[in-house]
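Mind looking over this structure? Questions follow.
Which chain is which? They are A, B, C, D and E, in the order written, and residues in each are numbered from 1.
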Amino acid sequence: MSKLFYKSSRKAGLAPGSLIHIGEERTEKPKITIIDYDKDNYQERVVENVEECFPFKDYPTVSWINIDGIHQVDIVEKLGKHFGLHPLVMEDIVHTTQRPKMEDYDSYIYVVLKMLWFNDGDTDVKAEQVSIILGDNFVLSFQELEGDTFNFVRERIRNSKGRIRQMGADYLAYALIDSIIDNYFIIIERFGEIIEDLEEELVENPEPGTLQNIHNLKKEMIYLRKSVWPLREVISGLDRSESDLIKETTFVFLKDIYDHTIQVADAIETYRDILSGILDVYLSSVSNKMNEVMKTLTIIATIFIPLTFLAGMYGMNFSYMPELGWKWGYPTVWIINILIFISMYLYFRRKNWL
Amino acid sequence: MSKLFYKSSRKAGLAPGSLIHIGEERTEKPKITIIDYDKDNYQERVVENVEECFPFKDYPTVSWINIDGIHQVDIVEKLGKHFGLHPLVMEDIVHTTQRPKMEDYDSYIYVVLKMLWFNDGDTDVKAEQVSIILGDNFVLSFQELEGDTFNFVRERIRNSKGRIRQMGADYLAYALIDSIIDNYFIIIERFGEIIEDLEEELVENPEPGTLQNIHNLKKEMIYLRKSVWPLREVISGLDRSESDLIKETTFVFLKDIYDHTIQVADAIETYRDILSGILDVYLSSVSNKMNEVMKTLTIIATIFIPLTFLAGMYGMNFSYMPELGWKWGYPTVWIINILIFISMYLYFRRKNWL
Amino acid sequence: MSKLFYKSSRKAGLAPGSLIHIGEERTEKPKITIIDYDKDNYQERVVENVEECFPFKDYPTVSWINIDGIHQVDIVEKLGKHFGLHPLVMEDIVHTTQRPKMEDYDSYIYVVLKMLWFNDGDTDVKAEQVSIILGDNFVLSFQELEGDTFNFVRERIRNSKGRIRQMGADYLAYALIDSIIDNYFIIIERFGEIIEDLEEELVENPEPGTLQNIHNLKKEMIYLRKSVWPLREVISGLDRSESDLIKETTFVFLKDIYDHTIQVADAIETYRDILSGILDVYLSSVSNKMNEVMKTLTIIATIFIPLTFLAGMYGMNFSYMPELGWKWGYPTVWIINILIFISMYLYFRRKNWL
Amino acid sequence: MSKLFYKSSRKAGLAPGSLIHIGEERTEKPKITIIDYDKDNYQERVVENVEECFPFKDYPTVSWINIDGIHQVDIVEKLGKHFGLHPLVMEDIVHTTQRPKMEDYDSYIYVVLKMLWFNDGDTDVKAEQVSIILGDNFVLSFQELEGDTFNFVRERIRNSKGRIRQMGADYLAYALIDSIIDNYFIIIERFGEIIEDLEEELVENPEPGTLQNIHNLKKEMIYLRKSVWPLREVISGLDRSESDLIKETTFVFLKDIYDHTIQVADAIETYRDILSGILDVYLSSVSNKMNEVMKTLTIIATIFIPLTFLAGMYGMNFSYMPELGWKWGYPTVWIINILIFISMYLYFRRKNWL
Amino acid sequence: MSKLFYKSSRKAGLAPGSLIHIGEERTEKPKITIIDYDKDNYQERVVENVEECFPFKDYPTVSWINIDGIHQVDIVEKLGKHFGLHPLVMEDIVHTTQRPKMEDYDSYIYVVLKMLWFNDGDTDVKAEQVSIILGDNFVLSFQELEGDTFNFVRERIRNSKGRIRQMGADYLAYALIDSIIDNYFIIIERFGEIIEDLEEELVENPEPGTLQNIHNLKKEMIYLRKSVWPLREVISGLDRSESDLIKETTFVFLKDIYDHTIQVADAIETYRDILSGILDVYLSSVSNKMNEVMKTLTIIATIFIPLTFLAGMYGMNFSYMPELGWKWGYPTVWIINILIFISMYLYFRRKNWL
């Protein structure tokens, strides 16, 4: 659960707009990459100092400045100040507990969302906060870690093929968001497989640990939902936005990722429903097992208890017990026992317990 | 569950608008059929090359081009390009995990929905994605498989009787959607029968497998719901559309299929409610059975345990046990046993356990 | 459940607007009644041929044509054609699986709803579809069966007292709908009594069949809900309608039946909630009973098992068992037994099991 | 439950607007009280005949006519006719199963709500329907019974202190509604105490009757909810009303009772949630008790059953059983028994059952 | 629960606007603090008499009057009258059961919310009602107790650094609300830890008390929800407000706390979901434990009951029992016993009970 809520309390009492990094502690030096392109030209640079990014603000070409690592708040602060970001936006960028949201500040649009991935062999989704600033002809993107989700976008820009080089900064921002949402499908499919495995296991061999698994999956679904649900508003917010920053031609693409978001949200709801069903099946299979145990006990006990009683009777030491002297007394007891046994057996048979 | 989510992840990282078929792998050659008609004339052709369809774009008559099989994306691509479809529309046509939706692109309307059917003797709904493009005087329809749902429509066109030959492309699109939704009623009725059978089985002879059946039916309902629920928005989207492509006279028919959609959605909700009730009945009948088992055990054990104890007492070997020498000792024990038995019996009777 | 969904599938593949009767098969000849009235005059006729109704279309007086029996579709068709009904309306009239709805076709308003009743001594609601067409100065009503619900309305017209003779066709349509909704209250009250009985039974003597009853009542509630819920939209649709067919003075009456609809819908929701509560009580009382059974077993067994063990010990045949020779050995065993018995008794007492 | 639904069916088939009293049968003579006041003058009268109220209709002062007892419908009818009430309003006044509602008839506003109270020592809420008609300068109020809720309002008018004498009929209507809603808080608090007691009882000594209590409380909550929930719409209806009957200065007071209504509705929801939680705790404590019973049985049985078996073995009468002749045979059996006992004890200890 | 609802019933029957303190009884003298500042000047005073605050009403600088303690209603009344507060506002300030709300009275805005905190070592949230009045250039704040939440704000004002000294009264009101909401995050995190501990305990060692803990946490969540949920409307009410009292520049800050409110509300919903899951896990682990107990009993009993029966048979005292004379009779019984034991063991093994 700790991934659900970081220690935001560290901030209580500070003035709004105070830049404090809240999130996992990291020590790597943030990596700053600049990609600048238009239809014909293209350059890509990794810079050491954030100041080297400043001139790109006013280039007529599309400039994409990507920061991998937001734990050094001064980098965010310098960049933010130069690009005219509101202090609250800078605060949100470094505060990694944001809900996905979209805010329109006239001269730029701020979008924050969650990038999700699985560690190999793990059923536990990891999340990283990604902030995207869409300006007039620049895009700033902030990630917590260096990742490879954006590589596909970089590749498309480098190859100068496809639509991306012909279009503006708004399409670039769309492409970044799209690459993040595409990733969600991988998560969704992986969970689909995990749930399918769980269902098979349930039928074949339910065990106490299964419930813990169901509970953990439910928690993952709650977490996914928290990341994906607000996305719908983010994207439809962009779609309905009257900002000049988003051009007419980009809207149809926004509609497309809106559909994707709905699909992901839908899948999460479906999984939640299925998990509820699995829980019912599990609980009922536990009940059925108990039933079987009880039946076994009951059958054995109710057959042998009367027999044992009878044996006990003829084990008594009364001086005057005429049966004990009979020649056929002993075999008679055995015959009675066998009759009791058979009638009990038939009774249980009729009751459908055998 | 695998039918719920295909491997859309194959697409992650590709540029939007990339045409990749996502769905079940098939190898048949897609079949292209053209039906062209107006009030007086009618022709129907199966063509080999998609290029043969191109001239129909500008015919004043209504042209319906139906493609059975979308796994050869180049056919979709050529046709789409000629008819001026947006790349994202073409992408959605071949990507069979779409949610039902309707999109208005001024010069054409794109509708995607799910055709559902049962395989014989199976309780498992199969689904196929159907895309319909309504243009000015043409309709393009894309199916995954060659199916017979549209045959009724074809028949009506051929017979030149009925309303369909007098009306335009919008009515044809309506007729196709209507034939798909009519099919849903068959699914719904089949499930109605399955659920009725399940209820009877439950009363007569509940068994562990019943729960698995309930769970599977619930999953089918989730799946149906995913296919049908968004349909309501699709149809009401068409109904409220301000597009010139849909004529006044067609609206009343759209309203009619909207009603049908609501009926189907309603039925699914009803089934979900009934399945929840069935689950409760099942779980409780398991409890009741356990109760009966426990009662049997308790009755036998509590009657015989005291008797056995008594027999055990007189089986002891103490030298000085006066009762053992009594002449009526042994019959007395039997009488006591019978008294205990009768009083226990009466006790259980009063408790209503017998 | 069969009442929930008739075989609508018979219609799949037919052209929209095809007149096919879907509902219970009947053979009676439909009965056609005409009531024509204004403030001063009144006539009532039962006619043989539907054609006799035709002239009433243009009478300035209010004409009410009531058809009992819709299984002869040609009667509906002839009447419908003469009165200018849309083919889809005629289709819906004879297709008895409609959801309650209201449609405004400018020159007439089409309302379809469900008439509900109980057969005597039955807990099973029966339903019949009633279609009402409100035209300029006529009302057409279609029932599946000859019933007596509308008799009260007829009586009021005949008596020429009350508001009804002074007002137009819209008020007549309102009066018909009102008489149907008034009937719902009878259903609701009957269910109220059934549920109250069930609750008493539950407290006094819960048994396995109780659950089946709860489940059946829940299903009846689902069915009632399906019939009543959409009514709210129907009535508020009439209320908000801008049609000239409904006069100002009638709106306040529509508001009144809207309130009634809400009351019925409310009652159904309340019953659903109460039935859920009853289910909880039932399940818990089953648990409590099991608990009592287990306690009985445990008390008897845990008291006698140690005693039997002790008796068994002194039943052993070892040559050297000093206690066996003691004079007070046997009484001592009895005393020990009694002590064990008493201490066990006190233990269970303290545990609150007795 | 009978309080939830009276026999409204008595009305089925009557013309709308028929005045029939539906509610508890009463025989007392209704009491008619008139209070007439303005800033400076004040008179209060109890009258015998309803006709004595008629002149107050046109007084410029504020006239409040209160009727305690609505079972004599002719009083309501005469008053209603003189004051110009719509027949449906009169019908609703005497029909005590109304949902709280507010209706604006231009020349007057009709508000109907439920007055709730507890009988002493009872956990069962009683309800009474109160109808309030706000006219230009008069207020009519109808109660089922003579009650004391309105006394506080009367007192404030008599004392001529406070705001009430300076303001108009709308403020008087507000004050009446306010006094009814204030009463709800008393109900809410009483339930708060009952629920708190139930929770304590649950922890200390859960017993089968507890569930019945929870169920009854839940039903009371359903009933309260039915009375309070629609109130929100009533009050916000008044608040948004564009009627001239409500003056600007009164709106802030309406907003205040709207807040109160929300608080009451909130409390009811909270209680429902808490009762659900209590049910879970109760059911689980039943389970835990069963667990404890089973553990006791299991411990005793599994310890003594093997011991008894061993004793049984040496109670056999075989001629050749060497152990029987051993000198230490008997003590050895005791030692074995004690070892079995100890090891079982340790086993249960480790399993945490002791 | 008592914290959920104070005795508001004391007010029933009083005129609206009557000032009666409802809340915990206190005796401390209320503390009145005045902070007055603009960009350049700053003064802070603790005053004895409320009258000393009066002149600040018309100062052009920002004046913040904070009252710690509202149980002396005359202070609130005098201050309220001087600052022109509506009687209902004053009533709400001293009535500590308000739901968070925001009311716009043209010349001032009234905001009421709940300050929450934990006592050390306690899992029980305490709440205090805080009322804030935002006027033209003054802010009045009323707390139940002297607290330290506002100290951070005071500190920022004193230090004259940061935005607060440059901005107006609306920013001050925002800062106060922000400091209260920041506190919620501390509560939320603390609950996060408690729930995490509970989950671990559940896996390692579930015990009956756990359920009580879950129930209490659920009740805390209900309580938190009641405090936080309406906050969303409060803040968005401020945000959408058209009042001149809130300046353009402050809106972006309001949006920020709106986001925080959503985050807190989200967290509460998440906790509720997780607690439901924990409850399921707990209940199921109780079932599993019972299962294990039953299995142990069944295994021991079903193995030894047949053995004991056999021993009993050969303990009978019949004169003619040939086996008793056999030399190998006794060892044969042992061998049979061991065979029964082994086959039972294998049977349970196969059933997966061991």
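Annotations for the structure displayed:
The working rule: a contact is a pair of C-beta atoms (placed from the backbone, for glycine too) under 8 Å apart; a residue touches a chain by one contact, two chains touch by 3 or more.
Not measured: the values here are computed from a predicted model.
At the interface between chain C and chain D, under half of the residue numbers involved are used by both copies, so each side presents largely different positions.
To fit its Cα atoms onto chain E, chain D must turn through 70 degrees, a value rounded to the nearest 5.
With centres taken as mean Cα positions, chain C sits 26 Å from chain B. Once the centre of each chain is set as its mean CA position, chain A and chain C turn out to be 42 Å apart.
Those residues of chain A in touch with two or more other chains are numbered 287, 290, 294, 297, 301, 305, 308, 312, 315-317, 321.
Taken as a contact graph, with one node per protein chain and an edge wherever two chains touch, the assembly forms a single closed ring in which every chain touches exactly two others.
Residues of chain A that touch chain B in their complex: 151-152, 156, 162-164, 175, 178-179, 182-183, 185-186, 188-189, 192, 195-196, 199, 203, 252-253, 255-256, 259, 262-263, 266-267, 270, 273-274, 277-278, 280-281, 284-285, 287-288, 290-291, 294-295, 297-298, 301-302, 305-306, 308-309, 312-313, 315-321, 351-353.
Remark: chain D residues 1-2, 4-5, 7-9, 11-17, 86, 88, 97-99, 101, 103, 105, 205, 208, 211-212, 215, 218-219, 222, 226, 279, 282-283, 286-287, 289-290, 292-294, 296-297, 300-301, 304-305, 307-308, 311-312, 314-317, 321, 323-327, 329-330, 333 touch chain C in the complex.
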